[in-house]
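The first chain written gets the first letter, and so on, giving A, B and C; residue counts start at 1 in each chain.
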Amino acid sequence: MSSQVTQKRSQALQRREDIAGYSFMLPSLIFFAGFVLIPMVICIWLSLTDSNMHTQGGGNFIGLRNFSNLFKDEVFLDALWNTFVIVFVSVPAVTAFSLWVASAIYKLKMPVLSAFRCIFYLPVVTGSVAVTVVWKWMFDNYTGILNSVLKTTGVIDTNINWLGDEKYALWCIILILFTTSVGQPIVLYVSALGNVDASLVEAAQVDGATDLQAFWRIKWPQIMPTTLYILVITTINSFQCFALIQLLTQGGSGTQTVMYYIYYTAFKLTEQSGHFGYANAMGVVLAIFIGILSAVQMRLAKEK
Amino acid sequence: MENKTGNGKVYKIISLIILVVLAFLFLFPLYWIITGAFKPPADIYAQKPVWWPSEWVTTNFSNLMNKRTAPMWEIHMPFSRFFSSGGESITLATGPTVPAVFRWLLNTIFMAVAAMFLTCFTATMAGYALAKKRFRGRSILFGLIICAMALPKQVVLIPLLKEMSAIGLYNTIWAIIFPTVGWPFGVFLMKQFSEGIPGEILEAARIDGAGEWNTFATIVFPMVKPGVGALAIFTFINSWNDYFMQLVMVSSNVNYTISLGIATLQAETSIDVGMLMAGAVLASVPIIVVFLMFQKYFTQGITMGAVKG
Amino acid sequence: MKKLLALLLIGAMTLSTVACGSSAPAAEEAELEAKEEAPAAAEEEAPAAEEEAPAAEEEVSAGGDAASEITLWTYPIGKWGDEATVKGLTDAFTAKTGIAVNVEFLAYADGDDKVNTAITAGQAPDLIMEGPERLVANWGANGYMVDLSDMLDDTDKSEIQAAPLAACTAPGGEVYEYPLVMTAHCMAVNMNAFKEAGADQYLDLETHTWTTENFIKAVEALYAHYNDTVAAVYCAGQGGDQGTRALVNNLYGGSYTDAAHTAYTWNSPENVKALEQLKSMDGIAFDASLAGGDEIAKFYQGILKMAFCWNIAQQLDPNAAGTGAGLTVTGEEIEFMSFPSETGESKLQGGIWGFGIFDNGDAARIEASKQFIKYMADSEATVDAVKAANYFAVRSAAEGTDLTAIWADNEIMDEYQVLMPQLGDYYQVTPGWAGQRTAWWTMLQKIGSGTDVTEALTQYEGEANAAMAE
């Protein structure tokens, strides 16, 4: 009897939670579904067709042919590799660098600390296009300040064609991405380190631990949640390098990425242009790649 | 022991020096933009870079302004296509013709502010629901949100473009704003914040008979306010910089944003670096000012959300 | 709650019309109802869009009459990329016909993408100004353009030169571009630098030609003097690729396609020899950070001593900077030159520009666009339209106005005539054109970064011919 009542009550409660929950979710869900989920579903569907800019309608179903073609496409494989390089270089580099900067500045006095924080954050707010435009000028083969400085200081003898040379171009892009990515992690680490229980660190030092040991044993575990969060946002950031590629190299000099190649396939004027099925197949591959990455990160987050 | 602290001091000094050098390097692009914007052509075209403008001029800005023009604003009668005889929408008023950069700036500000308000509104409610309401399907939704967070917009480029064209938003600022609002990072952030609201307070409110909306508006919202502030600035900066959506979704000069305008000028005249730098100044200085003004809330906000994660 | 949301959306919509009013020309939205996937958020917006559908239909049924407003997208063709100049031309047209013209300016770097994006979104412009390689070989071939052959009567056909008209005509006889102007692309040298390095002896300034042998000697002399890159085989993208094509092909008499335009013929002994020669020269760099426009900029700046991406419009207004005809930014003298070849007689690349109309399914707009073309390309106003482009007219006369002597008062234009007889085959309409451009600059990048010339030519000629097959 009573358990039935409880069950009924809990059902009623659950319904109330459902209604309240979804009402609060609704506005957000409308946008999320409308401009992320539904396009994603269409993207998956189109990736299985030969859909094309020049033919109306959705195109014919061709199974996985786009995907098998993709993995025979050298440009795409290059693009995938470069995307991989960008993410797997910039994420650890950004995390390590920002941790180092943060640990070097978090004990400084407020105005100094705040000044450093602002300076490292500035490239983020300067905006990708403004940043790109100025870096393009600085990297210029003939009149760029970088070559000029390196030449006057005797580091190099002849100009280096930073953005035109396969050996350097991708690294230049990673460098710019790096400067626009470290701002937020530094802010985060500064406050995380500031929140570490000082008494624990002192206790460890009394026990004879070196600074480094104290860091790894006491501080590192405590800032772990921050680190994970930083990994997540830096990964997101690394995939947002479209503007850099489009405005600096247009995918040349060995800087093709999947993000740019999708756009290229879809809208650049070539005979393959408007091959929407193919472009969407790349999108799906990229999404899977990102999905795996996110899953790994979330697993890490749970394990801690 | 003493030796160790001595080493520590040396290390500290060295690292401080490195930091100062790095700080200058990080400031340099901005310095180069600002000085570049005021350099006379002789400095800009010099074969060796000129470190400091030989003379401060504003010709770069006037070149930029003379390059393109646009009406400062246009006020259209809503739904006027429905009843006007020619099927054209009726323009009630058109602003004076001004250098297009001003219109671009206005568009950009409008876009960033609209995206900011919409995102804060939707994400705060959704974040609260995900954190505190035990509704069915919640974990699936949250999973979807996590997965979609890192997705670059290029992935959904084609479907999104077709969708915008189908609902008549292509070549409007809204085609840039809505996908920004749909991007679920804000929801994720606000969920992290809302986790911190003690359940007892909500329970107490319920016992007092407060409705769901009342609880949200009077209890939850004030508690997550710092988070909303952070999200607001975050969204503002993000949408200001979302060059890709702007590139794909708008085609008319009058609907350009400042980033898109500058990028287009770069494509047209890669040579006139001075003019490009003037554009870069206009594109970046307003947002830098916003950042410096709200910097305190910003740093507070982003850290709170993350540390609780 | 819901009320709040509705209010918000309504507020948003009102704002949208306020701030971003000039959303889109009505049209194409007719398929709206079919789009079930339109998200819920857009429902509030939908009425606004739906109402456009009947309006658009109305316009169609009204056919025969001209629309009161059209859009023109133009690439930077001479002063057709300059807002004030174009406004003068379109204002005159509006004054005469009452048809308003909205102009958008495209750049070569991303103009194609913009047009393709707009086509995908169903909002292509009414009019576009560019050359046959885009208008005929691509958008025309894919069925987006209106056939303009009904605009050409026998008088027009006799007035317009045969070669450009042929280039503007698709294999099926449809005319997708109404040609306005043409030129021969050439190269340029910095005379001050040449004199300083003692290389001016290799130039024939009478005929503006030189031989391959002299070209090589000149580069060597320049390099010996400046000890730095003096010319760049630019290959950051497709922009200005006519220069690199002409350079490579002319050097030892190679060709780009076969005579019938059925295959790309890059991998010939002549082209291999030319590329190997270029690669072996210290003064010449294969520069993957420059596109055609950047190369011009560096030349204008005085850094590069030669430019391969040149033509008469550049000579008249170097770098479109307005700092004086035939002069670099520092006032050094620029001479235009034909591309070097073994005999000195070269095959120059032609450039043809004109107007095309996108078929937006709206007869009134097409009619208005045709009036625009007629006005610009075949009326007494053609003189101004041609002069704005800084090129030569493709026709001898327009509705009784003689066009042969419009540049007679311009010394540079007059002198430039010596190059026009060297105009080579207009092969830019070869199938697969747009696709092979990527193969070309990628190949140059590969050669620049050390790939063997024959190997690169084999691979990318293959890709170009594969693009043709698509």
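Quick notes on this one:
Quick note on the criterion: a contact is a pair of C-beta atoms (placed from the backbone, for glycine too) under 8 Å apart; a residue touches a chain by one contact, two chains touch by 3 or more.
Remember, predicted model here, so these are calculated numbers, not experimental data.
Comparing chain pairs B-C and A-B by the number of C-beta pairs in contact, the larger count belongs to A-B. Chain centres here are means of the Cα atoms, and by that rule the chain farthest away from chain A is C.
Here the CA centre of chain B is 35 Å from the CA centre of chain C. In terms of their C-alpha centroids, the spacing between chain A and chain B amounts to 16 Å. Residues of chain A in contact with at least two other chains: 23, 27, 30-31, 33-35, 38, 42, 142-143, 246, 263, 266-267.
Chain B has residues 47, 118, 121, 158, 162-163, 178, 247-248, 266 in contact with two or more other chains. In chain C, 1, 8, 37, 39, 41-42, 109-110, 117, 120, 301, 303 are the positions where the chain touches two or more neighbouring chains simultaneously. Across the interface of their complex, chain A is touched by residues 1, 5, 8, 37, 39-42, 109-110, 112-113, 115-117, 119-120, 134, 138, 142-143, 229, 235-237, 285, 287-290, 298, 301, 303-304, 432, 434-435, 437-438, 441-442, 445, 448-449, 467-468, 470 of chain C. The touching residues of chain B, when paired with chain A in their complex, are 4, 8, 12, 15-16, 19, 22-23, 26-27, 29-30, 32-33, 36, 46-49, 118, 121-123, 125-126, 128-130, 133-136, 138, 141, 144-152, 154-160, 162-163, 178-179, 181-185, 187, 212, 216, 237, 240-241, 243-244, 247-248, 259-260, 262-263, 266, 273, 276-277, 279-281, 283-284, 287-288, 290-292, 295, 299, 302-303, 306-309. Here chain B touches chain C in the complex through residues 41, 45, 47, 67-69, 73-79, 81-82, 86-89, 91, 106-107, 110, 114, 118, 121, 158, 161-174, 178, 213, 247-248, 251-255, 264, 266-272, going by the rule given at the top.
Taken together, the chain C residues at the contact with chain B in this complex read 1, 8, 12-24, 26, 28-29, 31-32, 35, 37-39, 41-42, 45-49, 51-52, 54-56, 58-59, 68-69, 76, 81, 83, 102, 104-105, 107-111, 114, 117-118, 120-123, 291, 293-294, 296-297, 300-303, 319-321, 329-330.
Interface of chain A with chain C (complex): residues 23, 26-27, 30-31, 33-35, 38, 42, 53-54, 139-143, 159, 161-166, 169, 246, 249-250, 252-253, 263, 266-274.
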